[in-house]
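First subunit A sits with subunit B, and in the next complex the same chain sits with subunit C.
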Partner chain A sequence: MSNLLLFPIIIPLLFATVLMLFPKKVYLQRLLSVIAVVLTFISGLFLLAKVSADGVQAVTLGSWPAPFGISMVSDMFSVLLVLSSTLVTLFILFYSIPTIGIRRERSFYYPAVLFLMVGVNGAFTTGDIFNLFVFVEVLLMASYALIVHGGEKSQMRESIKYVLVNIISSALFVVAVAYLYSVTGTLNMADLAVKIPEIEAVGILTVIAILFLVVFGFKAAIFPLYFWLPGSYFAPPGAVLALFGALLTKVGIYAIMRTYTLFFTMNIGFTHEVLAIIAILTVLAGCVGALAYFDVKKIIIYNIIIAVGVVLFGISQMNVAGTEGAIFYLIHDMLIKAALFLLVGILTIIYGTSDLRKMGGLMKSYPVLGWVFLVTAFGLAGIPPLSGFPGKLLIVQGGFEGTHFWGSIIILATSLLVLLSVMRIFIYAFWGEPKKILPVDKARYYAMFVPTVILVALTIVLGVGAELFMPFIEDAGEVLLNPSLYYDAVLKE
Partner chain B sequence: MEIIMSVAIGLMFMAAVYLILSKSLIRIIIGTSLLSHAAHLLFLTMGGLGGIAPPVVSDGVTVNDYADPLPQALILTAIVIAFAVTSFFLVLAYRAYQELGTDNMEQLRGTEDYE
Partner chain C sequence: MRTNDVMLQTATKVVTFIILMFAVHIFFAGHYTPGGGFIGGLLTTTAIVLLMLAFDIPTVKKVLPINYVVLTAVGLLFAIATASASIIFDVPFFTHAYDYYDLPLFGETSLHSALLFDIGVYLVVVGVTMTIIQTIGEDE
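Now for the complex of A and B:
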């Protein structure tokens, strides 16, 4: 069925629209939103089977020939991202049922989450640069609703900044698309990939490439443009924070990876050099923040920024190892960041605060939570059997094969700082003298803890069974490094 | 014609950036509206200002006479998006003014439960 690749977008859209009709029936909302995400995941699995059997899938809406209609394209990279984002959303939904509170649930929380998923899955699947803008706006609009949802004072204050930064970056996106259109005369990504190598005016294309880096850099929180992220992500409740941390910056990273491998390859010596330097600066800036704070949420938020830098360094190398490493690390990072935010959310619920200095001695009362947190922390830092290792290994290898051996050394060194930053949470919160904890209902605790543990178990499977997943990662890397596979599939007619 | 439009759009961007950098929230929102106006005009200009007929099929008009229809469709999309975001932003600013009692961005810094 050729429309299979639209299902991960249409299913949540349909369910979100239906859920708008009866916001007060909370049980039905929970049930239907879980069903929607499970159906989306199943359709994603079918799509994965189809793509791995038959190669890149493309459909141009309305049966127009390819550069004239809007193309939706599913290559292995976008399928893997759709699957992992859907999976993460599913666990965050289970986690939000006990934590988000009935007041928020009764005012369109679940439709907003599903609309966010529409935007994310659409942005991963689209093959048209303006359509990417529209899907990014869909997910941003849902994220505006979620970041201010509940209307606490800190949410009000931080969401103003979040909305403002995103309005500016969206205006720049329109400007960048306008320039690209005036130079190339097309908006279809496959068509762009064919036309850009034929254009001799490399100078203006390089300017546009950097403008796109600025636009997507705002979304992905790269080095000089990450200033909005720590404050904004601090404001919303735990489940929303996990959703943002796991999905939103990844759309920016995906857009940079897609544009910089598919069509902005005319001046690699300059653009990808800039990308590598910015990526390393992003890692360093994230490390400074992750070590500076005594707040569990802030520490993990700055770890998002570190991961953005690591993935972008991998893709800036434009070789097989670096690209495959970036893809693996991106998927790992979605899962592990969601798991860490859920664990940290449980910690803040148990202590009633996110300040590390008011925590201590939790190992005696919640031993399992402690060990799960330790495993997740090791996974984040990239200790060998766990999921952070294969991706980072390939990225570092890619840096050594390319010209940026110093970048690989910095990434290896900063892994220690990442480990230090999360181990500080473990040491402060779980060891030492027990501090005052709030009584948490057993049933509610398990309702939060079980989805988190399953997510952590999945990251362990991703790490231990990396051999199983490598064929898919290799497929994805192949399409990224050979754009002809991509545009031949789209422009086949 | 494109040169004149470019200069005008440049001035709009300048005014928008100046307004966004000010302290009052309502000036910032006026700045973002101006910014999206400038971006939409830029898209129209970048599509080329040639074409003497509106992109509607009618008798006696050849293909060469039409204005490029694609930028117009894209701008229409971008306008409604900017419209929705601006209305959300205005309501957010209103609610924030009610809750926080200020529209001065200088006073909206930091988080109160944290140093």
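Now for the complex of A and C:
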């Protein structure tokens, strides 16, 4: 089965198309979309087994020889990301069934989610820089549809900003690809990795590398380019917000990690220095936002930005510890951000508002929710047995081994601020005087709560069983640090 | 305030068919000359839009009772099915096949599975553009 690595893209694409045929049959829509994501996950597991047994999998579409056709490449890093994004989508689907509302479900909600998944899985799997652009557009188009879906006033306003920023960054992406193509004459990432070290004009390549950092920085929300994110992510309903928070910026991070380890390695002293400084500034900017707001959604949204900075700092070190830490932290962050957004979504449904000052004393009526939130908050901050710890530990170690020990110190210090920002939610919402809460139907509450708890349990498994996952992470890091493993698999003599 | 559209409507009845024929020609010529599914689909849409301009949307809907969202989905299914057929033969995704056939009337003709993919593109382009035009046109 040479096409196995395409199944995580084809299955959701096929199901999304079929679901477009009967938008009004809500039960069938729910059933088929869950089946699609489960099948995608199973195919991802098969792919994981294949990649860990036989190494990097590559297929060039249309039976063309490698640099001429579009290559799709699945190394351990991309398989892990495909698996975790599929898993997150599955739980968010379960969560959307009781929360998203029948009106949205009847107008192409599930096809949009599946198309988003096509874009995300495609962007993680592609081995062609222009194909990466196309898949990023696929996921952006789906996200435009989801951000405006329902047509409330705030959604309309924020979607204009979101679309505008992303169109500009996509145009920049095309320009950057055009520059790269005119310098190297190829678009295949493996071929780029071979050709770029042979080019002596390092100056122009450095300019292109920084241009790509700007492009993917818009998508990933790094320091000066994150301004669009807090407003845009605030507008859509909880399930969509969780989907965006868990997946969209991660595609930008993945693209930076891939390009900066695979082919933009000709001038590490400059490009990776810039990346490290920007990553630290991103962490600081995110911390300021996370502490400044009294709104549960805003606090978690700014925590996305902090995590972006932490992961990028890890990858900028270009050593084993930093890279493995970045990979582990990226996977942890996908799961934990989805879990946090789902928990915060339940809070806003119980209180009918996301304003922290109108919350209080929930520990009496919803004790289990309180303890689950506390565990998730500890996981986010990186308290030892939980999933945030191993990744951050490796990233900090990478910083001390590299030249940026001050970055590691800042990341350690800001972990406390992260903990403070989420503990504020816990203290205000669960302790103190009970405030007015809306009555929530028991069945509906459990329909929201059960997928969330399972997701939290998975993050605990990821943290406690870190030893089990480390061989996979090491495999993934090895391919990132040795590009020859990647291009040998694609170009095959 | 349309009072008398006889000239426009009569001309439209003739011109629509010419445009449709041209669209089909452009669509089939795409493999060897400029053209293909995308521009063929757009030309088909212009023919339907011309009908909508000369008559009105309810009339055109009665003449062409097509759900354009379903048409888009069917086009996508065509494209996915053509590309996925390669999975059955265990060759890389998107591998196309072609052969020469003796068709009655046409003589020896080369048929290429890329044509099926192009039918998908054609249907999606018609479906999407018509959905856009119809939803904006019907919006009060």
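Keep in mind that, in the parts below, the second predicted complex is superposed on the first by the 492 of 493 C-alpha atoms of A that agree within 3 Å, B and C clash if a C-alpha of one lies under 4 Å from a C-alpha of the other, contacts with A are read in each partner's own complex, and residues count from 1 in each chain.
Just so it is clear, contacts are C-beta pairs under 8 Å (C-beta built on N, C-alpha and C of every residue); 3 or more make two chains touch, one makes a residue touch a chain.
Owing to the predicted nature of the structure, the values given are computational and were not obtained by experimental measurement.
Within the superposed three-chain model, A:L14 lies in touch with subunit C and out of touch with subunit B [touch as defined at top].
Look at A:I427: by the touch rule set out above, it reaches neither subunit B nor subunit C.
By the touch criterion defined above, A:G62 lies against subunit C but remains apart from subunit B after alignment on the C-alpha atoms of chain A.
Legend: residue contacts after superposition of the two complexes on their common chain; A:E137 is shown touching subunit B, with no touch to subunit C. In the overlay built on the shared chain, the residue A:G231 is in contact with subunit B alone; subunit C does not reach it. In the superposition on chain A, the residues of subunit A contacted by subunit B and by subunit C do not overlap at all. Those residues of subunit B that touch subunit A in the shared complex are 20, 25, 28, 32, 35-36, 38-40, 42-43, 45-48, 70-71, 74, 77-78, 81-82, 84-86, 88-89, 92-93, 95-96, 99-100, 105, 108, 111-114. Across the interface of their complex, subunit A is touched by residues 69-70, 72-73, 76-77, 80, 84, 86-87, 90-96 of subunit C. Per the touch definition, subunit A reaches subunit B in the complex via residues 130, 133-134, 137, 140-141, 144, 148, 151, 153-154, 156-161, 163-164, 167-168, 170-172, 174-175, 177-179, 181-182, 187, 231, 234-235, 295, 355.
Those residues of subunit A whose C-beta lies close enough to touch subunit C in the complex are 1-3, 6, 10, 13-14, 17-18, 20-21, 23, 59-63, 69, 72.
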